[in-house]
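Order as written gives the chain letters A, B, C and D; numbering starts at 1 within each chain.
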Amino acid sequence: MSGDADYSDAEFLITTVARLIETPDVRHVAVGAASPIPGAAALLVRKLKGGTPRVSLIHGKATNPFTDGGREIFDCAGQGRVDVFFLGGVQIDGEANINLVGTGDYPKVDKRFPGSFGSAYMYFVVPKVILFRPEHTRRVFVPKVDFVSAPGLSAPDVRRPGGPKYLVTELCVMSFDAGRGRFRLESVTPGRTVEEVRDNTGFEIEIPDRVAKTLAPEPERLALLRSSVGREIADVYPGFARDMLGVAA
Amino acid sequence: MSGDADYSDAEFLITTVARLIETPDVRHVAVGAASPIPGAAALLVRKLKGGTPRVSLIHGKATNPFTDGGREIFDCAGQGRVDVFFLGGVQIDGEANINLVGTGDYPKVDKRFPGSFGSAYMYFVVPKVILFRPEHTRRVFVPKVDFVSAPGLSAPDVRRPGGPKYLVTELCVMSFDAGRGRFRLESVTPGRTVEEVRDNTGFEIEIPDRVAKTLAPEPERLALLRSSVGREIADVYPGFARDMLGVAA
Amino acid sequence: MTEILGSLDDLAARVPDGALLALPPEYSFVPMALIRALIRRGAKDLHILTVPIGGMAADMLIGAGCVKRVECAAVTLGEVGLAPRFSAAVEQGRVEVIDSTCPAVHTALQATEKGVPFMPLGGLIGSDIVKQRNDWKVVDDPLGRGNGKIVLIPAIQPDVAVIHSPLADRDGNVWIGRRRELATIAHAARTLLVTVERVQNESLLASEATAAGALPGLYVSALAEAPMGAKPLGLVEHYEPDHDELACYGREARSEQGFRAYLERTVFAGTRAAAE
Amino acid sequence: MTEILGSLDDLAARVPDGALLALPPEYSFVPMALIRALIRRGAKDLHILTVPIGGMAADMLIGAGCVKRVECAAVTLGEVGLAPRFSAAVEQGRVEVIDSTCPAVHTALQATEKGVPFMPLGGLIGSDIVKQRNDWKVVDDPLGRGNGKIVLIPAIQPDVAVIHSPLADRDGNVWIGRRRELATIAHAARTLLVTVERVQNESLLASEATAAGALPGLYVSALAEAPMGAKPLGLVEHYEPDHDELACYGREARSEQGFRAYLERTVFAGTRAAAE
């Protein structure tokens, strides 16, 4: 997507995600395992805002604040102390259901993926869940997921303070409106088109008449990513920091 | 009770309780706060048996093994890992109900005592609960307790692996038979009589034709109490060890 | 972010009248200096939750007229004897008691910690405690597997919890050691106020050894330094309880008049002198 | 009392065929040397519970044919990619998977820790996980307070749990630091087997600083020394994961043949050589 731009795909995605994080109500962003781009975005926002929001990378060292064992991040979120979390999906459908388990007819799956992790809980309790899945294809964005690891919508008799708010892919940013139960296209990656988004999405989305371009990375933020924030990221994701940001651990 | 015997009342009670603890199935004895005599009895048994059972004095230092905070002793007992525990009572009745809350018409009590502590739980889950209440009067041993902190008996649809097994007072040792729902006199303190027990107990008890005398403290055990075991006790109950066993902390 | 405040009085000002206030047990990091500051500020209508057993802190707050209601498994001065102001206030009907039992208090806080409306707890059934608690509910095994009846304990969320610790760092991380009931209290409470013997620059999360006993600043609303802040109670490995002082309290607080004199000496005059 | 055994093989002999075996997650004190000993002894029909996520340990046990069933929130090699023997076994129907989600695994163990038959957990409803779990039960608010539907998770009691720690003492107390899921696993399991880098004479309970991160020997059935016992995974503050070795496993284990060669080299021949 970057072409001859002066930033990498990873840098573009990090600054895109960062913009979705940084609303004033956000006090605490938690990031699960193996999520370098969301993690970098959260650390970038923290740096820009002078230390707020808190950022908890559960497998980080200096950035892992938890001392009550593996359940603390879930308890913490259940207490309403986590404002932003990230989830992905082997498949995602138009109702924001996500599948992390496998494709095919469960339990006789054709292809088995790791499993649902904490998604079936975190998706319910974190107010702003950002779905992050760079690969934007009809293989991922399907009419109906083969297995619902975590549902995008809930009946009124199920307590659900949280849920999906955004979806970020290599092609675009979408928002999710739980009331209407569908995604809306918010902006398209520079150099890509609304048609590409439509063609590569296996479900109906709301497309406004005019769709903005997703902003390119701000130079100030790029500079931070390549220096101080990059070093924080390298503490947790040394390979990623080296390969994607050119920062050594 | 000791009169001109060569042991104190406390030493007599400690060795009496120790004999009730030391059955082969006992792997772990836990002792709550402010219970020097049961605590000393447990430490004595541990010394005699070369380290088994484990003894946990919840407010001890070297003898407090818990590292999961105040709930651990209850969790531990709920897991079936505590074989012996001690409870007392402002009042105790013939169905082994205990009252630790107050006398009079609850909640408008005449006299308020501290409260039920963990009795309403521990009484249910620890297989051998020994009731320990030196004062043997009709003020304590009443026909019906004014407030049931913890019941001696439970209906069949209540899971209850534990319950009262013995009652130790200055006058006697009784056993409790949950099947028949009553106490049985097992032995009487040397120098005291069955009539004294009956006269000072406000409920019916089963009294066999022949009632043994409670054994006097064994000399070997007295010696341990006054030396190595005494020093362990002094670690937790310095005042008690000094005044009752003549052992300095 | 955790605020680091300059004085105990600033901290005491964060406990609103009428708050549900959780107190740790006597042997566990009790913020006595902050309790005295609360009495000085004239806190009113507090609902106290002792976790699970109250001691001198609860007794003093009750005696000083700060407390409307107390939920407890027990209130006692331990070796010193009955908690005299608690007993007197209950007997005279000046404070409402909600009787509980130790594991039920822990369970109610664990439910809040876990974000669920209740948790089950074994035992209890047949105790008059259950009879008096119309918030607790006895149900038949909801799994339908023949496990019998069980009690459901509703979650309790304290408005404020207060603790005293030996050590915090500038990020607001607080040493709690093996007193993990303090972690559960902190997770469950809306606001946690902490006094400490001292604040160090090095992060408690910098090494695994200290992280193991640290409560993350995430749960700490504000803290202030208060050297000897648990006195006359003890602080493990820092100072022993002052047994003479505790016995003196137990004696003097037996009468309303004696208690007033004790407060005047140790809470009002005493602290004003110390602050000069 | 905790038995201190002389060898990993003695410890591995304590895991019976068919046992429900709890495994800690990849970043948390994983006893890889003991896992290799289990494979060498030819353990059979194990039911594995990953707490809550499985990694190389689970994948190797599955690939080696030791496992009949696995309950997990996920099995993954993390940065290295999918867990290849797990995926292959599931796709070929050679292992039964019971899908769960992280907090449900923690909750099921907490229920056993607390001696209750179930615990409630929020969220979940509408997930196909719930649909597949006929042991879980969705109920209307049993308190009858309009809290809506909630899922009850039945308690899970592992027959055996295994962990590797940097340090134990002669009383069987084991350092777990801030990895408190290990305390819950230990409290919940019938038998806990521990390997350690070393055993020291001084008790971990002798000071509050070390007690804060110690699991009491009360819960430890047997332990044995196994220096570098978490390798090729890491052990915090002791050694880093061997990323090359992990990548090598991820590559070789993609095929049955490659996995067999890996086992031969690192589990059978490798250890036989090391034992000489």
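We adopt the following convention: contacts are C-beta pairs under 8 Å (C-beta built on N, C-alpha and C of every residue); 3 or more make two chains touch, one makes a residue touch a chain.
Please read these numbers as outputs of a predicted model, since none were measured by experiment.
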item	value
Both-way neighbours, i.e. chains that touch subunit D and touch subunit B	C
Touch-network distance, subunit C to subunit D, counted in steps	1
Distance from the mean Cα position of subunit C to that of subunit B, given in whole angstrom	29
Chain centre separation in whole Å, for subunit B relative to subunit A (CA means)	59
Inter-chain centre distance, subunit A versus subunit C - centres from mean C-alpha coordinates, in Å	40
Residues of subunit B touching at least two other chains	66-68, 75, 78, 125
Sequence positions of subunit D contacting 2 or more other chains	114-116, 121-122, 147, 150, 178, 183, 211-212, 214
Chain pairs in mutual contact under the definition given at the outset	A-C, A-D, B-C, B-D, C-D
Sites on subunit A touched by subunit D in the complex	33-34, 59, 66-72, 74-75, 78, 100-102, 106-125, 147-151, 153-155, 157-160, 239
Subunit C residues touching subunit B - in the complex, by the definition given at the top	25, 27-28, 51-53, 72-76, 78-79, 82-83, 86-87, 90-91, 93, 97, 99-104, 106, 110, 121-130, 132, 140, 147-150, 178-184
Touching residues on subunit C, where the partner in the complex is subunit D	107, 114-122, 137, 139, 141-145, 147, 150, 152, 154, 176-178, 207-214, 236-237
Subunit D contact footprint on subunit B (complex, rising order)	28, 51-52, 54, 56, 62, 64-68, 75-81, 125
List of subunit C residues in touch with subunit A within their complex	1, 112-116, 173, 183, 187-188, 205-206, 211-212, 214-219
